[in-house]
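Both of the next two complexes hold chain A, though its partner changes from chain B to chain C.
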Partner chain A sequence: MPFEASSDRRGRQKLDRETVNTLLVFGLSIVLIVCSRFISPALGSWSQVLTVLILASFLVIMSFGQGLVILIGGLDLSIPALITLGGVLTTTWIGTADTGVWYMLPAILVICALVGAVSGIGIVWLKVPPFIMTMATSIVVASVALGYTSGTPRGGSPSALLWLMKSWFLGVPVVIYFTLAFILLGWLLQNFTALGRRLRALGTNRNAALIAGVSVNRLELVPYAISAACAGFVGMMLVGYSNGATLRMGDSYMLPSIAAVVIGGSSILGGSGTFIGTVGGAILLTTLGTMISAIGLSEGWRTIIEGAIIVGALLVLRGEFLTHIGNRMLTRGK
Partner chain B sequence: MNLLKRLGLAASLTLATTAGVATVIDHAHAQDKKLKVYLSLSYSGNSWQSEAANIVKALAQTPPYDKTVELKEVISGTDPQAQISAYESMIQDGADGIISFPISSTALNRTIHRGCQKGVLFFMYDATVTEPCAYNVSYITAGFGENSAQALVNILGGKGNIFLSRGVPGNSVDKRHTDGAMHIFKQYPGIKVVAEYYSYWDDRTTQQETAKALAAHPDVDGIWAQAGEYGAIQAQLDKGNKLVPMTGENSDGFRLGLADPKMQGMGLKGVSAGSPPATSGYAFKLMMEILTKKRELKPMNVEYPLPWVPADQVKPCKGDTFADGCNVFPSDKVPSSFVTEVFNPELLPELSLQSALEGKPTPGASIQPLPADVKHAPDAPGINCSSCKAPADEYKLTKIEPTVKP
Partner chain C sequence: MSAIAANPAPRRSRPWRAVVSGTGIVALIYVLLYALYAFWQPDALSVYTFTDLVNNSTPLALAAAGETLVVISRGFDLSVAGVVSLTNVLMAVYPLDGPGGALISLLMCCAIGALVGLINGILVAKLGLQTIAATLGTMIVCQGLALVILDAPGGMVADFVTYTLTDTLFGVVPIAGLFLVAAIVLWLAFRRTNTGIGLYAIGADEQSARFSGVAVSRVRIAAFVGAGILYGVAGFMLSAQTATGNPTAGTPFLMLTFAAVALGGTPLSGGRGSLVGSILGAGTLMLLQKVLFSGGVSSFYTGIFQGFVLVLAIVFGNAVARLLRKDEVR
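Presenting the complex of A and B:
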């Protein structure tokens, strides 16, 4: 190909920082899985990889939404409440009877998205800081769910969600295919659509985006709505996974959803980051969790080690010097 | 958008937020002579907590209490400070009694002491406090940990690799259960704890943590679990068609599983025991008998009996109460995470399934007097007393005999 033959390598010799970071996150996950054999001989097996991927699928989907919000410089603290909302509405409105499952599932996602859009409206037009606005939404939604269920969410999982979370195809759980498709779509949306580019422009410099003709106010609602819908969907997945909803089902996902995004190479201040990196961050965090829980140490030590590895990984990944080393090796190789 | 519109939106948002702050208050019809009783929860959100609270609400609306008690429910949040300030406001408001699930066994002591001096009765259910002027009503000292551990050891024939699925780290209840269990497991060198994880008494967390442990130890022989045990069954089913013997608490899903021939065929055996939400009802009735001068009782630690249901004694209920010794509900009536021990035919005949699920009184029921005798709980340092010593036979087995020699 003529392009390949071109002697102009200026654009190609520089490894993009985001790409390096993404490769490193995935590399680190693989190293962790291989090393985990030293902890227990059963680890490092195909079965463990599948366990990690299933557990990571929740985090991957949630972090897509959180990642978009962080990309525009915001933060979504309403994720746990929306996971609960999605889960509770699914078990009470659809339940094991599969009442109108094909239109109710999308309808519930739309409700979640609308709740997210309300947070967005508060942030854009009432100028409430994202932190406070999403926290307020979270409290309201959680309280509504508590009042609506009087504390005990009834019903079980619709069969469609059981199929998604429990069935296998060609030796691999269906949910893994689903997550791969989601990753592909998310990546295309963020990198190859006008919406994705506008969001990045908005996160990099709001005024510049405005001058460039982006309708920034309306655009800013979108990530919050997507994030809420993603959280609602994770609620549905959790319903299929554990065949029921609880009011605290989302609690443990708040910080990991932010951590996955940041470890994946995004700036917490917005404007940079890729979804593929976030996926790597989610897998890395889940691998670490699985490995740590197999170490026969007391809970205190396990969480200390987990924390230390996360900080260490972030330091290594952030280091500009790795990009330099990468570039140097490329130049020498040629 | 013009300014008025903006203000209007801001105002309605503020209203919604204020209304949503996790405080739910039930107003009975306020009359001057009514006894003022507060129900203080540290948090709500799992089946156990809401069932326990619903039981108290249902009893407070059952005649004659519907005319004599004004019950207010306050959910304060998961940190002790929030509950301390909730207690303070209740004392200020002139409460006659406070019935509560305390978040900490020591942090609330000073406030409780102040309340006692002002004549407020404090009744703690399930979780306990070490302040001597409060009444503790709990199953904690009844030996869940050691009895269930012995049951597992018996089933495993004294040897095998096991998981411990624990509760909330740092919690005195989790510690008491685990200490009791380890007291038994340590006597059997053949029993090896290969994984120990915190499942926060939650089904979903138990499922995920058990899945992680199974990835590292697929050869596990048994699981000793606290509440959330149904998640451990689901994690095993996700892996294939093999189940190992396990002990757990009182979830409907676990009990149904123990009695299900299909799950038995996969290898499930075990015992269902543990924390009964009905404790709150017993505590409430005791408190009301004292407040209405029907009973004299100095502050003390009361032991609630430990539910104990081995697989062969699981019996599904046909109706909405625990009639004819039944102890589990069909899966179309309640979710799998529902905690079945919401009744007690002897202590709480007033309750039905609707009481536990929705906090509604049973139609036609009226409050029945409690048996005169109250069982004194043994001392448990840091749990129900502060400067005290545990009895020498703290971990004595009460429900089961060892069938294998250490």
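Presenting the complex of A and C:
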């Protein structure tokens, strides 16, 4: 009986920590947006908030995939390469002519998902550590994209993507409605489907999941495929946003995708974390990035701050960190 | 015959173990690949080509040597990319000429590497972060610092460093090679110390190592600091070779060091392996690039080969580890 009681308490405590963290991240974003008024009067306005949300939508979608991979205890370093792949294929295969856009866009997403599945196969059956396998995939994909385009991708954006990224509905950009729908679906998938529960089980304890009858090997491929498809879709969104693709279009997204998940309260060891938290992390990071560039700090400082935030978030989220510091202070005081 | 029958579990002799170990296998691959290179490129056997090859391989070999220390202790160190970029940029922005200047630069590179290693070590051993997460953070911070110091490729490394370190001693011995020899000698001495033995022990089983009295966090920090110093020297040698600064100079090292370590027979699960193997692994990777180039493969597609070699190296490393384990059980 005491065992049951203690396990129950632990479950509640963890839920509380996740909720607290999510609220904290969202609250911090709002405080930052309000405070940004003091830096420059142009910041903190409604249109500026919408710009931040559009920029955050890229990060939200790619970090959904990254979040699933981290949930099962992996790490996906191939997101930048797949963003580029999605973007380059969209401009070269579809382009401004809109040739077969309704079946070509899904086809490109399927190709991206297959690339992700290949990473998964290497991780599951060849026993290559996830970060190395995805790094290898990413180098191969980047190299194929470079060779295929001979260095300069051609073509512009299909009109459907321009519509998604540029048009407005009831005073709000269409892409924000789309992202809200995506967040809802992602949240439902992670929390209310068998797939979501199995992935969480796999991340918490692989052996226990296996004994519980989850086919762990096949399941482990899924997050990598989803992550790759999400990254490919972000590539398409970027094509619509800037009306073209470049070979380096994904480069600046590797760290933010990991940072958003970690700041959102997911454990880097897997098994815990919510998509809503990640969404908060993505918005917070984007707000911070916008502010940093408004202050006029260079790319380098931005990178340093991002790195420091990742390490800080990891330390704070270890949970026992604060108690550790507290104990230290108590023993010192004696 | 009867002697063997009486002793059903004979331990393999030392030479056999050396051949079957990762180091022996990668040495064999290197020789075979070099023979292929010499076949395509008849001047491959000249001192000039060999010096060139050693110069090209040294930065990666030193970085891989450092990574090996962390991998043996069962960890991953991503900060290699950050330290190499940071030291390269510093060498290019603050060049110090003359032998004294070169020495100060080298010490500065070592100090930066040691500091980053110390931070990694504390984050992992004292604050309990996962190695991959902690070193990802320090890698990002170092890359940011490199961008702050130099935001675009440029700058000039001191002439003395550029010319002397890519030269040969007495016309035959590449000076860069001496750094590798120094690293190997230090390693052979280090692995006999208590810390060196502890390194293998915590890689094989941290819990039992702790119970056997190994100072786990001290050994772990030592591994990260040693690794950091080697990355610093790698950045120093890279600057000597490229003669210029590039804030993203270290990025390719991230993948290639792991490939070199795995190719050198150090399993990524820790507890085994050798620094010498990793140095040979790095040499093999650089040689492979030359062989591909002389074989007429377009430079657009070298990434494809690198990706495949990386995965194959890991699979190969896993296979060697399994082979060795079987050999031990027998």
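As a convention for this text, the second predicted complex is superposed on the first by the 280 of 334 C-alpha atoms of A that agree within 3 Å, B and C clash if a C-alpha of one lies under 4 Å from a C-alpha of the other, contacts with A are read in each partner's own complex, and residues count from 1 in each chain.
Here, a contact is a pair of C-beta atoms (placed from the backbone, for glycine too) under 8 Å apart; a residue touches a chain by one contact, two chains touch by 3 or more.
This one's a predicted model, so the numbers in the text were calculated from it and none came from an experiment.
Contact with chain B, but none with chain C, is seen for A:L55 once the two complexes are overlaid on the shared chain.
By the document's definition of touching, of the two partners only chain C reaches A:I268; chain B does not. Of the two partner chains placed by the overlay, only chain C lies in contact with A:L255; chain B stays clear of it. Touch criterion not met for A:N217: it reaches neither chain B nor chain C.
In the superposed pair of complexes, A:S143 makes contact with chain B and with chain C alike. Contacts of A:V311 after superposition on the shared chain: chain C is touched, whereas chain B is not.
Of the two partner chains placed by superposition, only chain B is touched by A:G156; chain C is not. In the superposition on chain A, A:N243 makes contact with chain B only, not with chain C.
In the superposed model, A:G122 makes contact with both chain B and chain C.
Taken together, the two complexes place residues 122, 126, 136, 139-140, 142-144, 146-147, 150-151, 299-300 of chain A in contact with chain B and also with chain C. Chain A contributes residues 75, 122, 126-129, 131-133, 135-137, 139-140, 142-144, 146-147, 150-151, 255, 258, 262, 268-269, 298-308, 310-311, 314-315, 318, 321 to its touches with chain C in the complex. Against chain B, in their complex, chain A makes its touches with residues 36, 39-40, 42-43, 45, 47-48, 51-52, 54-55, 91, 121-122, 125-126, 136, 139-144, 146-147, 149-156, 166, 238, 241-244, 246-249, 252, 289-290, 293-294, 296, 299-300.
Note for the complex: chain C touches chain A at residues 76, 78, 123, 127-130, 132-134, 136-141, 143-149, 151, 247, 254-255, 258, 268, 298, 300-304, 306-308, 310-311, 314-315, 318.
The residues of chain B lying in touch with chain A in their complex are 1, 6, 9-10, 13, 16-17, 19-22, 24, 44-47, 49-51, 53-54, 169, 194-198, 202-205, 207-209, 211-219, 231, 234, 238-239, 331, 334-338, 357-359.
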